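Going in written order, the chains are labelled A, B, C and D, and every chain counts its residues from 1.
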Amino acid sequence: MTADLSVRIGDLTLRNPILTASGTFGYAAEYETMVDFNKIGGIITKGISPEPRLGNPQPRIWETESGLINAIGLDNVGVEDFEQSKLDYLRKIECAVIVNFFAETAEGYAKLARTLGAMAGVDALEANISCPNVKAGGREFGVDPVAAAEVTIASREATNCPLIVKLSPDVSNIGDIASAVADAGADAITVANSMPAMAIDIESRRPRLSFGRGGLTGPAIRPIVTRLVYESAQATDIPIIASGGASTWRDVVEFMLAGASVVQAGTINFVNPRASVEMAEGLETYCRQSGINSLTQLIGAVDMP
Amino acid sequence: MPTLNRIRLEAVEDAGGGCLRLVCAPASLIAPMPGQFYMVRGPWEADPLLPRPFSIARFRSFKNGQIQLEFLLRIIGRGTRLLGTARAGSELDVLGPLGIGFEQPPGDSAWMVAGGIGIAPFPALIDAIATPKRKLSLLVGARTEAEIPGFNDFAANLTGGVEIATDDGSAGFAGTVVDLLASRLDRASDQTPSQVYVCGPHAMMEAAAAVCMDAGIPCSVSLEAPMGCGMGTCRGCVIRTFRNTNFTICTEGPVTDANVIWSEQNSQ
Amino acid sequence: MTADLSVRIGDLTLRNPILTASGTFGYAAEYETMVDFNKIGGIITKGISPEPRLGNPQPRIWETESGLINAIGLDNVGVEDFEQSKLDYLRKIECAVIVNFFAETAEGYAKLARTLGAMAGVDALEANISCPNVKAGGREFGVDPVAAAEVTIASREATNCPLIVKLSPDVSNIGDIASAVADAGADAITVANSMPAMAIDIESRRPRLSFGRGGLTGPAIRPIVTRLVYESAQATDIPIIASGGASTWRDVVEFMLAGASVVQAGTINFVNPRASVEMAEGLETYCRQSGINSLTQLIGAVDMP
Amino acid sequence: MPTLNRIRLEAVEDAGGGCLRLVCAPASLIAPMPGQFYMVRGPWEADPLLPRPFSIARFRSFKNGQIQLEFLLRIIGRGTRLLGTARAGSELDVLGPLGIGFEQPPGDSAWMVAGGIGIAPFPALIDAIATPKRKLSLLVGARTEAEIPGFNDFAANLTGGVEIATDDGSAGFAGTVVDLLASRLDRASDQTPSQVYVCGPHAMMEAAAAVCMDAGIPCSVSLEAPMGCGMGTCRGCVIRTFRNTNFTICTEGPVTDANVIWSEQNSQ
């Protein structure tokens, strides 16, 4: 007997709760030979913008203790080329295809949501309102409940496609933002994104990244994100998607106990391209061995004092 | 097609010049092309986090189809330090072969220009392009003699000779290896190479490429940038070309014709 | 020639900019045989409360990737016993003695600041308005500019002793809080404290710490704190004291380039009790070799794009 | 008085039962007391971050004043796994000796009760308290036979014998080592020990302490909790006693009379 690991986000059913995180899995084709897409819940594309973007100059990444700081600058092919050159492949793979997107204004989000949401092969949208790595990457939306709700409402009205909103981690009360976004009509919330961070080369006295700052990801931030997931889950009933530092199936279970329904594998794809499959397989084995036949037995089941 | 493999480390050897050689145990792998690279990670916990890119320095194919990989590396930071202390018998995670490697030279002579540890991919290249007719030369540059990795183990096919350049003049030509390249091109106009292969620091490769362009000689460079994934997804290794387009080193490189990056002008 | 590494915090001159962080160095006597107090700028005591506190039950600490989560619960001897049993020793050591303190109300802070500030041997006070590990640990003050200013004003009016205010890292705009606290009369600002975090044991389904949540410290958080230090230094002219993840003199230089005047060694004391001395010595050598004869050549000298 | 030392690892040996022995090279150190511990960290980067506490398992003093430390450890997590893969010749950072160790037994017989890897501090204790007159016994418990570390190398002085308890009955007494302790105390009333030393999981020690208290025998326990500093500063290892006071295991322990923690009643 295999456990039923399926989860729902709006109308979309995921085979299992493992997604690959935006910006860490390209447009999926890159990992074709390495990852059996049948084994994971879905993939999230690199963030798509209205126009193609070259991104920031070198250097774009810098490693810190158990973490990675990046300021890629949302280097992406743009919505037009995405449809023309990436979507055909994505239509063929047998897991959910979620498109991450961002714009500079609420109307920009709405427009892109409408366009992307109407494309055959796009199963859900993830609105990134929390990118720290570009001057206008939506971050101002992610730290304010009112602005976050505005973007959500605008995107929601523009499409029937399941809508996920991806929040910023650098807030004092993520619960307020989570519930504002939920009330505004999001189907799920991703908690969270990279943490605004910085590293400086003491020889040159310049930041390690050309952009100056960047976003910290990887195992270093997982304990912070676990707390954010817990707080978000306390504040809203819509599914929480954990994103930040998950490396193994144990981390997946931990995030689920904290309140996540779904977990993204991000930076760990770079360490081990098969990580997402190993997480899904590990979760399956764990559930089977522990007699868990529905993920509802795990989600939010932490026994807090 | 890259694969991810856990391979036993057979030996960690001193390669001279402050460098070391990682010899992997033979394993069922896809044979790499010279100039391709692997993302390598040792058996430690989450710090250092990412695997590190290393060119294939040399490889052997066995009758049973197994492939033995060898890396040559300079200890410069945390990851390479830990790799240097790995114990023979421990296991490495090795993702590859990745990227685009070197092509055969169009003619009967080729020069390889190495800046420091930039020598790493050349043993495999020599193994692949050496023919009885071909005159292959190696130009090696370093700040000082003590930093030049040994090359005796692969010098046999270097029928065109080996020349050394040191910034401090402690061995060979006094100056940069690019100066050496330029002066040798002047000197040896009768035997102009059909191809120059360059591997070293970014600025050194750009300078070498300019010298080759002036001389009208095709120049391949093996580019370097911090890498996250090696697979084209993280976008960490992307550089801007002179055309203001993006070049993804890990998938479109690391080896490329210098003109793709720096100049419209075709060397032909 | 040795470089002049001294820095000033209000009226207090520190021999060099290395302090040991509150809660990671006890009351100094514990490290007597290990650390030459003559070699560092000063020590900060464990946080002192009006009454002694036992702290939280076991488990109180949990290690994560390059980080440590703690929920000690401000286990401390209380102000009375501090004066009676700890201060004599502290009066004898030859570096600055800074007393970290916290209370539950602005009046509580003021009262404690008055008492502690009047004690001979106390060179400066650090008001902790950011402890995530107790139900009333001041954290509500640390995330709101108005409340932070209130506590600062109350403490400032109560004592002439140099006053440092220690801020929370989990805010969207630390600059606002830094400048509010500076305007309210603080002599310096510590940026920051442990990051609210959480870890769950997947076997027992209980949090790894008895308190539920805890604070993440250590190298994992340094890139986040570096960014917070930079932002704080942009917002105010009073000295910034960096606290979060410093491990080596290189990290000290990095924090100073970002805008810190002083750097605290915290969790690293557990990894290497001599870390603070090694940082001070390393900084000295670095300055000497780089021809730096005043720290003003380093502080805030990052070359931002 | 603890010191911080970087010591070369002389050997990493299999100690049986899934445990290993770290033998350090002799160094100029302060001699520990049995029951004291060290905070140990290998030559890796920031993950794992903290050193790990290990009891001194055994030590030798050389004529030149040097001390050789030996640790016995069970691989249970990330830190112990990495220590297990350390290569002889690599260096460990060792802070200690820390805390309060065992005292001499008040009379001529003593029993040591070990739960699993709780056996670790006993070789050093035996070395320190063995006299021709003293009858020393060791009771070792484990879930199953395969998890019992070897003890032949220090069994010579165990003139009172060694008894084994396994939860699954695969060797010796079938049951917990506390059950074995209780039954042996019943059985051997003529030779009641003057002191019982207990080391193992917290709940096992509490149970053993209760058995000793009932029998009116002094009981020393070696307590355990996650440790950050080993020096009394982080407050991570602090437990609450029955008096609702704090007990700092790393400085007031790890060895203490069981009554300090669990019972007002004095066993005398």
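Methods note: a contact is a pair of C-beta atoms (placed from the backbone, for glycine too) under 8 Å apart; a residue touches a chain by one contact, two chains touch by 3 or more.
It should be emphasised that the depicted structure is a prediction, and the values quoted were computed from it without experimental measurement.
Shared contacts of chain C and chain D, meaning chains that touch the two of them, come down to A, B.
Across the assembly, the mean Cα position most removed from that of chain A is the one of D. In terms of their C-alpha centroids, the spacing between chain B and chain D amounts to 53 Å. In terms of their C-alpha centroids, the spacing between chain A and chain C amounts to 34 Å.
The geometric centre of chain B is 47 Å away from that of chain C, both derived from CA atoms. Averaging Cα coordinates per chain places chain A and chain B 36 Å apart.
Counting partner chains per residue, chain A has residues 65-67, 218-220 touching two or more of them.
Of all residues in chain B, those touching 2 or more other chains are 45-48, listed in ascending order.
Taken together, the touching pairs cover every possible pairing of the chains. Touching chain B in their complex are the following residues of chain D: 43-48, 78, 82, 85, 87, 90. Residues of chain A that touch chain D in their complex: 65-66, 219.
Only residues 1-4, 41, 46-51, 93, 95, 225-229, 231-240, 244-246, 251 of chain D touch chain C when the two sit together in their complex. Here chain D touches chain A in the complex through residues 45-47, going by the rule given at the top.
Chain A contributes residues 64-67, 69, 143, 168, 170-173, 195-200, 202, 204-207, 210-213, 216, 218-224, 226-227, 230, 245, 250, 253-254, 257-258, 301-305 to its touches with chain C in the complex.
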